[in-house]
């Protein structure tokens, strides 16, 4: 975490600098199926974060020696666009992105029914187009929806959200300023029934604060889950709507 | 192209700085079969350029997954020696050499009868020992001769040459000063009957200038072709000459 | 070799700066079998050098195309820890470590019975934890013991030691100061019966000096061999000691 | 695609061509629908998201002060990079740009550079010491063909939306990047003796040759790039260059000068 | 390990667990024997060799003056690296750190950094110009499980033994590195609904999830890292965090404060 | 070469040796024909193309001002690199230098460096600040064996032809590089108890051991490098060193001092 700067105030009239309550998420927008080539895809805006996830697979594994005979392997590639951050980032993975890719993959893998697809791979690609604290949680949320969009069988969705500590107070879904100058950041991911698949923390929390922060972050995940669910239902309804007219007006389809 | 510097004169008494007419090639020298290990090889001097090309193959492809079942693949590696340019170049490929390798390969591949050699590779290696504008065209010319020297079946030769624009005037086969300070450079490669296999241009030309420049460059390619052809015939005659004396004087051969 | 600095005295009262005679080794300590995961291992202190060697194998070769059908291949990786030298070394191999790995491998391979294990690999890993001139010889000595500890069949041990020239005089097993400011360094490795498997030299020696230096270095190798042999016998005796009580007190073994 | 499937696809497309049309019903010189959204990335100095049919490209511009090249001490520096991230196509692989990505970046770069679209002299801060560095980062999101045209269009659109971030570096007030020309890349492929503009992925996969023509606002040509293992005769080159000029004019007027 | 062997091993360990014990007879929350040797590398500014059961880790500290990061001009810099050299395990391969090595280095780094164990302000030489750079190099020698705890312990032990080499750089007299906290990482795995601390390699290979908790001297938490493809419910998290606090206290008092 | 063919070749060469000769009729200590052409690359400060039998090597020298190493502030810097480009042999692969290329470069470097052939003190421009950097780039063109001797000879020949490009950098007039010694590398292999100098590729492929001896003008030895997985007894070493001295003298007098 960044150094705590005594001159920064994180709250005004009981609200955060962007007007949120302590336990409020940033505006969340999810679009399903926005890419033509990918088997499944999702675009998410979570506050200032703009992230796309794509899923390819199950498909053949190259190189072969990576194959698992009893299950599909899952690969996850978290990547930041060079222009996604204040100071241009050199293209390509760095140590941070390797770690985030690992924990994000481990956040999703528990719910993917990998045993259905032995010897194959499910590839999840996450591109951060604009970063504003919480890109890993945004990425996991998008990836979870993209997996569903690709028709990958899953035990449940995964929803992700962070809790933080700023100016001695716990807050949900910290934005950039809170992340930079706050005292702690704790991203988690979980299933709708509260089983934790990702848990990281850095900063400084007492035993009691950690308890409260976990409850708060889990509440955030539940809110995220509702938005993910709604986006998928909308997409499904829209597909239905697109298919039915065609069936009712076959002559028009031929004209096209 | 470099910035056009108003203080530079490119012509004197109607001739270029090195005494050439606008449509005149630089001195061109081609030697065939100058390497012992390669299956085919060629050394070319084209103005100040000194370039060697070697061909290996058809031979087995490694790694295997690059194999094509119906034809040979062609690989082309354009490489500059560290000492070939004014300021020492770091060894190894850079973005420019990757692009030049690609377009050079695509300049030659149309005439190579790749279907004769399924699952194999034809490797073309081009080393620029000294660079003086036009290294890609010199490399393609050398590579084309080296392919013939290696006995690779080809529909025809490929000849390559650039046209440029300097001081508002079109010139054939620009040298370093004309390339650095000129307004446009357009390298092409073609078969003897005028089918274009490489075409690049950067700079600034009107629609009409482009037409003329294309004609000029194609004329240059035809001149290059004559030199390539002669070098191969000379090599062939020399080989004949080497073989026949041995047959006529067997006793001397034993002495050796 | 470093530049000879006229102001440095390498001898005082006929002894070297660390009190050694010209033909005396630095203190040498060898421990066998100090790692649990490796098939064989050895820790060596040779003056200020602290080096660990580990052996894995014979084991399967990856990637497969490196396999040899009639014998095991031997790999040797010499690596310096970042903190092993005065100025922090960037992790990973450099040109020096590639060369040392090559000559060290070639120093050991002559005595390894590689034909016993076709299609497999014997991996030797050497980590320099602290460097003080002579790390390659220390590494070879440790690796040779680790190979024996791993039960790899060998025709004989290999022992390694350098001779150097400082202040115009030949010395055995040069330490850092002698190596940095001396006139020549000549590391060798050999079998107990004097067959040379490694020989390198840089610096400046007359034909006669070279002769004497070779004899001196070979004498050093013989001394090293005695310490290697003793360390292995001690280890063997200790293992015997550990196994025999168990056999005599089976009831106690069951209690554990 | 397996080679059997690709043969079937090739036959199908070829039969369409014999009938004088393309798989999606376009004319041979017709572009797919284009849409451009500028300023989509607030963290970047400039940005544009281009959709060309189903192809999607995002170009971001970042600027920072840095050292000039020794041979042009008074001019700003342009560095163009293209990332063909594996999200965008089943055929893209993670890792540093391969031949295709490098060629794409270099052709986009050539258009901007050779057209002198950016007034680089105006980007000198202290002669010989400090100039503005412009990073043009092309991020491919969905590869449904003709990435060169989409990326080139994204680059110039993003540059048009770019503010020089002078205040951030204590170098005066922010101001728009000085743009002097509007280069447009137009790409055609040749297959079965027919020339088709703005190829989609299927068309690209069957093409013999491809030719990109970059045109400036005055109708001149500032870049050419042929690729592919086919040949082009002089007549086809002239045909492509002529139509390219018209198409570039239409695109420029419709998307960049309104 | 072949998958047959690994199944047998898994069954064996599972049966032990049903009996309430572990393969080596430890209690579920019991650590293996720990030993720490400091100052083992004379060429390093600080060093420590940690044995945790059969696992062996050597941590070396090197310091040199260098430039601060632009966003913290008055503070020293910590750079942590972990080398999982192939000497340490049959599964490690030569080459740059992979995912596992990177995660290890980052978790060790997080403990040192987030606990504010090193007084970085005291490592400023000339504000904005020159500060001390601390390289924490973790060198794994023998991987018999739980490298995170062994490496984290090695890092703080090595830092405690570190002398700032000021005289070597003409910056005054050497002095001990100012250490303000003693972070301890404690790691547990979950398998068969049981939580086991300080897992050995076999236990790691069958674990569903792993959770590392880093605790500071005041009993607070300064780092968490879950890994593995299993899930953890809230109850298990709290259970692990509670025991982690106790274990960390024991280790800190026994090995770092004597 | 397939292993059957290589066995046949080995037998053939072995039988020749039993008869006291080599496949190309040379004596065991006889070199192939040598030719050296200097100044072949006008863009380089110095260059030499060496033919040793059918082996061909081109060495180019580039010089530029740069920073000295901290431990030798008043001396120029030599950087030696060898490129075993795939043009030169069917066994060479593209990519950064492998073990063989690195060893080659380091042995060439050792000869130049340890013989003190170049007066590095004379290459100091401003003590501690600026010195001349000499890049010795060895470019292998045709590998027909014994690249070490060909490359070492090329290096010293190229250095002898080198002009320090002072005027280009505003540092006075160009002048020849100050050369003080003429190191010559001579290489022999051991096979079937016979020692052969200047091995060709076939001989190299069957060799048990190889020994390179680098000799200075005064007949001293400034470098040794044994390689290969065979052994050498003391007698063979002395034999090789003795003949190496004679051969080096012949080569030096014939090619470098005329």
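Things worth noting here:
Letters A, B, C, D, E and F mark the chains in the order given here, with residues in each chain numbered from 1 onward.
Methods note: contacts are C-beta pairs under 8 Å (C-beta built on N, C-alpha and C of every residue); 3 or more make two chains touch, one makes a residue touch a chain.
These numbers come from a predicted model, not from an experiment.
Identification of common neighbours of chain B and chain D yields an empty set. With respect to chain B, maximal separation of chain centres occurs for E (centres as means of Cα atoms). Set against the Cα centre of chain C, the chain with the most distant centre is D. Distance between chain centres (mean CA atoms), chain B to chain C: 52 Å.
Centre-to-centre separation between chain D and chain F, using Cα means, comes to 49 Å.
Chain C and chain D have centres, each the mean of its CA atoms, that are 58 Å apart. Distance from the chain A centre to the chain E centre is 28 Å, each centre being the mean of its Cα atoms. The touch graph of these protein chains is a ring, one cycle where each chain has exactly two neighbours.
Tracing the ring of inter-chain contacts outward from chain A, first into chain E, gives the chain sequence A, E, C, F, B, D.
Against chain C, the residues of chain F that register as touching in their complex are 3, 72, 75, 97, 99, 102-103, 105-106, 110, 113-115, 211, 216, 219-234, 237-238, 241-242, 245.
Against chain D, the residues of chain A that register as touching in their complex are 35-38, 48, 50, 52-54, 56, 59, 77, 79, 81-88, 91-93, 123, 125-127, 129-131. Here chain A touches chain E in the complex through residues 1, 3, 69-70, 95-96, 98-99, 101-103, 106, 109-110, 186, 191, 194-207, 210-211, 214, 218, going by the rule given at the top. The touching residues of chain E, when paired with chain C in their complex, are 40-44, 47, 54, 56, 58, 60-62, 64, 81, 83, 85-90, 94, 96, 135, 137, 139, 141-144.
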